Amino acid sequence: MAEIAKILVLNGPNLNMLGVRQPEIYGSDTLADIEQRCHAHAKKYEFDIDFRQSNIEGELVTWIQEERTRCQGVIINAAAFTHTSVAILDALSLLDVPVIEVHLSNIFAREEFRHHSYVSPVAAGVICGFGWRGYTLALDALKDILDSD
Amino acid sequence: MAEIAKILVLNGPNLNMLGVRQPEIYGSDTLADIEQRCHAHAKKYEFDIDFRQSNIEGELVTWIQEERTRCQGVIINAAAFTHTSVAILDALSLLDVPVIEVHLSNIFAREEFRHHSYVSPVAAGVICGFGWRGYTLALDALKDILDSD
Amino acid sequence: MAEIAKILVLNGPNLNMLGVRQPEIYGSDTLADIEQRCHAHAKKYEFDIDFRQSNIEGELVTWIQEERTRCQGVIINAAAFTHTSVAILDALSLLDVPVIEVHLSNIFAREEFRHHSYVSPVAAGVICGFGWRGYTLALDALKDILDSD
Amino acid sequence: MAEIAKILVLNGPNLNMLGVRQPEIYGSDTLADIEQRCHAHAKKYEFDIDFRQSNIEGELVTWIQEERTRCQGVIINAAAFTHTSVAILDALSLLDVPVIEVHLSNIFAREEFRHHSYVSPVAAGVICGFGWRGYTLALDALKDILDSD
Amino acid sequence: MAEIAKILVLNGPNLNMLGVRQPEIYGSDTLADIEQRCHAHAKKYEFDIDFRQSNIEGELVTWIQEERTRCQGVIINAAAFTHTSVAILDALSLLDVPVIEVHLSNIFAREEFRHHSYVSPVAAGVICGFGWRGYTLALDALKDILDSD
Amino acid sequence: MAEIAKILVLNGPNLNMLGVRQPEIYGSDTLADIEQRCHAHAKKYEFDIDFRQSNIEGELVTWIQEERTRCQGVIINAAAFTHTSVAILDALSLLDVPVIEVHLSNIFAREEFRHHSYVSPVAAGVICGFGWRGYTLALDALKDILDSD
Amino acid sequence: MAEIAKILVLNGPNLNMLGVRQPEIYGSDTLADIEQRCHAHAKKYEFDIDFRQSNIEGELVTWIQEERTRCQGVIINAAAFTHTSVAILDALSLLDVPVIEVHLSNIFAREEFRHHSYVSPVAAGVICGFGWRGYTLALDALKDILDSD
Amino acid sequence: MAEIAKILVLNGPNLNMLGVRQPEIYGSDTLADIEQRCHAHAKKYEFDIDFRQSNIEGELVTWIQEERTRCQGVIINAAAFTHTSVAILDALSLLDVPVIEVHLSNIFAREEFRHHSYVSPVAAGVICGFGWRGYTLALDALKDILDSD
Amino acid sequence: MAEIAKILVLNGPNLNMLGVRQPEIYGSDTLADIEQRCHAHAKKYEFDIDFRQSNIEGELVTWIQEERTRCQGVIINAAAFTHTSVAILDALSLLDVPVIEVHLSNIFAREEFRHHSYVSPVAAGVICGFGWRGYTLALDALKDILDSD
Amino acid sequence: MAEIAKILVLNGPNLNMLGVRQPEIYGSDTLADIEQRCHAHAKKYEFDIDFRQSNIEGELVTWIQEERTRCQGVIINAAAFTHTSVAILDALSLLDVPVIEVHLSNIFAREEFRHHSYVSPVAAGVICGFGWRGYTLALDALKDILDSD
Amino acid sequence: MAEIAKILVLNGPNLNMLGVRQPEIYGSDTLADIEQRCHAHAKKYEFDIDFRQSNIEGELVTWIQEERTRCQGVIINAAAFTHTSVAILDALSLLDVPVIEVHLSNIFAREEFRHHSYVSPVAAGVICGFGWRGYTLALDALKDILDSD
Amino acid sequence: MAEIAKILVLNGPNLNMLGVRQPEIYGSDTLADIEQRCHAHAKKYEFDIDFRQSNIEGELVTWIQEERTRCQGVIINAAAFTHTSVAILDALSLLDVPVIEVHLSNIFAREEFRHHSYVSPVAAGVICGFGWRGYTLALDALKDILDSD
């Protein structure tokens, strides 16, 4: 795989508020900082990062549909939609490219209703609890998966 | 009922991707094909079909609200929202016209969470498992209900 | 498929009492009326309707077994047995022909225990809530399935 | 109500074995003894007792259907079917006459699955734990209900 | 058993309001009327009725304790405490005399939480759904149990 | 409604300890302070406040019964009994006047077992989380309901 | 135990269809083949095999009742009724002779609702997953139990 | 707190249909009427009301985010989203200002699934069942909370 | 801690019947005997025992409230109220002194509903299954806790 | 299959105590007796029995791993580990040879938590309730399975 | 009982780490300190303490088996195995001597999964929440039980 | 942190069988290969990898205890123990160093009982579904966490 691969990085509701509040919990990085880090990290893999955020479930669904034949991999932090959206599950099921689920915090150490994810069954793998680092770890993992195809 | 009746046909998230993928499961028809079939089938009943699709729950809610006094019947395949949307249930509860729930596949033969529908309690009837034919069967049923009023 | 196809229409317990009581809920049609309508409707499809009713679970099981190689499709309204009979599920599993599940009323708008059906997982499709019309819709659907084989 | 009222007394599976085994638990009376007692007790009320037993759910359903316009009241000890038969519930729902549910033993002091009854919701009342006396108490209660109509 | 037997008839919370409200549901009899009927009915059995009502769980518990060696039988309509009181269950467990549970209405046709009774496991039998008649039926049943000892 | 309306304000177990302990959580007001505030607030509405507290479920039940025809509205903070008392539910069901449920703290942000209330289904409305202010808001709401009758 | 012992072998619904369909799953043996094998195997034990099948729950119940004093042991493959029939449980409870539960397939590796058996609590032992061999193993086990009495 | 405080009043899906249908249940006030009442009521507190409605979950999330530093309090009637939206819960968790949850009807006297609220755990208090009055009661409560800070 | 410490020993419903019945299960000691043993045992610790019993939940609540600043420790055997009383839980939560929960029998070897205790979460420790000895063990434990403060 | 087949017979915790206690329940045979019987029974099949017992879950796991290519079949009575060990399930999943699950007693007639087995889903078949005979029946079954391969 | 009684004191996983970490929660005592205290306390009762700890479930099982006829009583703090080990339950069931369950902390005030104990049903009694003192209280209780035999 | 950090890498039951069977699912790498990769990957971080595997729960517990002050981080793939071991949870709770949970496969796409992990609540983060790459990603993550301390 010598060509540049497009990687869609999707972020769910409220992630646009990162760094703004409770930095002691979520870190002081803003979502823009994370996007920056993804771009930087992606360079060595010749990945082209398409980094987006939406508070609207349907917009995320549409993006997944639109990019399904244009990208080589998806990293998704669906945030609150992780636990409630069958629509995103169905959209991700349409994909032939690998999907990696990322969460900034360890969702298994939070409220009971955050332990269930509609995304997990269709994800190649799950990474949670490592803050922004989860995104770059996901890029590493994606590189590996794409190379091994 | 001699006049032309307007029938609102609503389609939920990811149905715009029909025919594009897994045709062995969902058939090779696209949503446009189904719309076409509905228009063709509606002719004999003098039904005016208003066929729409959205990935956004709120848009479907708004359409139901807007058309509530302008249509004589609703056929809804809420797809993933079937299982998660109380808002669509509430919007449909506003209607005085009959609502028919349609699903392309047999949702009772799929994952456990797809066995529950928020739409069913306010639907006149449910049709599932017959692919695109479910829509024309629903038109037949609607014709019958409207004639018997 | 030019030949006449035999369609087995099975009715479960208490359906023989249709029209006799609470016509405001179940309609004034008797089961004989519904049978009549099925025969009339079947003519255009060259279907030969074998219409039966039993209050005995085992009799329904035996009928399914006996007709399994003699019919081209089954329409079943298992009534109360829908929710309690694993034996009917097992008998229907023996069939190679399509099975369509029909209910006169919308079982999803009734008591909780009527929301579960042992028949659904082995049915090609489900139609409920349309009264006697559910049977003729099922014939339409069956015609379509048989033609597409 | 001066005329003779016909009372249907229905007994479910295994009640024909009463008195044959474990008399220390169920008493030494046979079902014939209980029938005898019902006839004797019914005399003072000018009740005509139609006393039946079946091990077959569908037979009980049919009897309820057939006698629905011929009897003025029903006493039913559905035994094991109490906990499993939706068909009997549906048949009893067809009746306009009062239904009284009887159990020889106190079902609430037995296994968990015997605590739920499909019959109770459509019964005027429930009597359990008094052995054969439950039947005559039910006749007393039925007399009272019929007189107060 | 030639002597006069003392029968304790216990009534739980809100039963003192009988006849005052919703007579179409609970009947127009007051609790005093029911007591009167019990006294009248008890005469033929030479039962001495001790008829009491309390809104206080602990008072009912104390009465059961105090009368445990002074009465030959207990009829209890624990009303709301039926569903919540382990203390009454424990008090009734102290008794060597038969206990009969009575309910005016058919509790199995009401809210889910009224389907469970803490009293039933220690009752000889249960009678419910027959209004005030349940008390006199219970006296009949008690007479029978005491005679057969 | 020009006359003075009597409003019964009922307080359940342990509310007599308000202000004595953990003022940082429940506020430093005692129940007497709250009663005082209710009297002050009631003046403008010409409400006559009858303010009571009991640790005994049965006493609350009796008060509701006794005052049912003497008061025009009830405000109840059943405290712990909220979650365990069917008897209070039944007593409140006897009332023809509006009932308002009040809680000092937000019970939905506390232990799971405090999320269920037996009072809510028979209350006109629920107010929780506003400390003593909940009582005066309830008076405001009651005024409004009574005026709109 | 020198005499010939009669062994009742009961088969539930749909077992009469064995060998007819899906032989790759259930084997190519018909129920007649299994009966034949039982007779052959029984010879060495001087067992007299009474081998029956019914699709009707009540018929199985009646057979158990009728043979209760005529047979020395029961082998039962209740098939679908295993999971739904309290009536068969009650009938088997009448027996003083040992009961052995047999299933052709390993029911614990199938759908969740097949993991519960109403028969097991009254069976001496359970054998499942060995196809027709389960019947002869059951005969071996029965021989052993009868000899050790 | 002498300055004018901005209060964000958020309304979820279908609330824009208020007054249009079933006025006997929800009252004849439209949402515009309620807004009007809030403005009128807010005057005495020098509150500046920002009153909005949306059928789109994500739009409500975005509004909460945008106004989080511009308003001094939030009143939210999330309607159907109350029971399904983790995203709104997460957005509200970002706020440092008090949030009050309002419902027009008593949600605890409706369907089971409406008894759970994702909003309640992050609300200062909850007011439900008082129709439009709930909004002005919430303003009163908010005034009190802001003054006591 | 040289002074005499007052220890409140509370006993719930039916414990006043100890020794009167089923001595083979609960022992032949009466509650008076246990009180006697507590007084005897308390001497070496200079504990002043205030030993009480009530069948009324609210009385126990009131005693806990009244003695909260007058005692140095509480031993409570809430008996049946253990499993049903949130009011006692709330009253005990008011205390600053250690609470020890005692049960005569091993509640974990009894009915399922006795496995849950509302008292345990606010108790320093739990002792069950040792009969009257549980009370003196609790005194030992209390001595130890008070000395270590 | 003319060669000698090695059969691994694994026994879980506490089975080494067989015969030592409660012989009226578990029989008077020790595990050594059962081993002896297996060796005797195996002779006719030319099976080489490797009979082991361990109280340590991990040791059983290791044995399964080590013998996986050295044995032709496994008989396992995992005793208590049956209900708690996912590790043994995973180890057994590694095997290509048939596994037969054996239990001395009928686990379905014991405590609820013994009704679930982690072993069953990967077993070819299950035999329970026949005491030591279960082992020799398992050898018979294994012989049959190996011969039919 | 004049002879020296051997008491087996068993400690489950991680108890060997006591005192090493979080002394503010579990106290600063090491397990050796607790053993020391047990020896000191046992002197007055002429108890011979055999104090052991293991992180391996099977080792605890084996110790219970080996000492079953050599000791007169068992005190067990199974720690984490309390909630997961059926094997220890089965081993303890083999004992004829009394078993006392001890926990350092109040397990009922911790995570939900720590509220269930497999040990409790076979323990004579349970002591929890008193730190190391629980062991000496258990010795006191054991002395009492042994003396009363 | 310039010094070499010791990283404990723990592997649970059956992971020693990696690569031996079903390489199409788990990959063809053996555990030795993964250890090799960890050593190679660790070099750049100056990590000293201590790589171990055990089938015995207690051995893993002991290793965690022993290394708790000797290592700077733990990577654990507890395999089957993930879902059943409270003892490992308790041992990990003793650690002050970061713990990372790794799984080769996506456990959320497997059986229901594998969706719950006792390890997750005490892990800094979770990585699953990436095969052996999960270990090196965990090393990357650990490097990051240690550097940021």
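Each chain gets a letter, A, B, C, D, E, F, G, H, I, J, K and L, in the order it is written, and its residues are counted from 1.
Following the convention adopted for this analysis, a contact is a pair of C-beta atoms (placed from the backbone, for glycine too) under 8 Å apart; a residue touches a chain by one contact, two chains touch by 3 or more.
Not measured: the values here are computed from a predicted model.
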- Separation of chain E from chain C in steps, with touching chains one step apart: 2
- Chain pair with more C-beta contacts, J-K versus D-E: D-E
- Task: With chain centres taken as the means of their Cα atoms, state the distance from chain E to chain I in Å.
- Result: 32
- Query: Using CA atom averages as chain centres, what separation in Å is found between chain I and chain K?
  - Reply: 23
- Message: Could you work out how far the Cα centre of chain A sits from that of chain E, in whole Å?
- Response: 65
- Task: Please work out the Cα centroid separation of chain I and chain L, and write it as a whole number of Å.
- Result: 47
- Task: At least two other chains touched by the same residue of chain F: list those residues.
- Result: 56-59, 84
- Pull out all the chain pairs that touch, please. A-B, A-H, A-L, B-C, B-H, C-D, C-G, D-E, D-G, E-F, E-I, F-H, F-I, G-J, I-K, J-K, J-L, K-L
- Task: Over in the complex, which chain K residues touch chain J? Could you list them?
- Result: 56-59, 61-62, 65, 84-87, 89-91, 94
- Can you name the residues of chain A that touch chain H in the complex? 12-14, 16-17, 20-21, 54-59, 79-81, 83-84, 113-114
- Item | Touching residues on chain I, where the partner in the complex is chain K | 106, 108-109, 115-117, 120-130, 133-134, 137, 140-141, 144-145
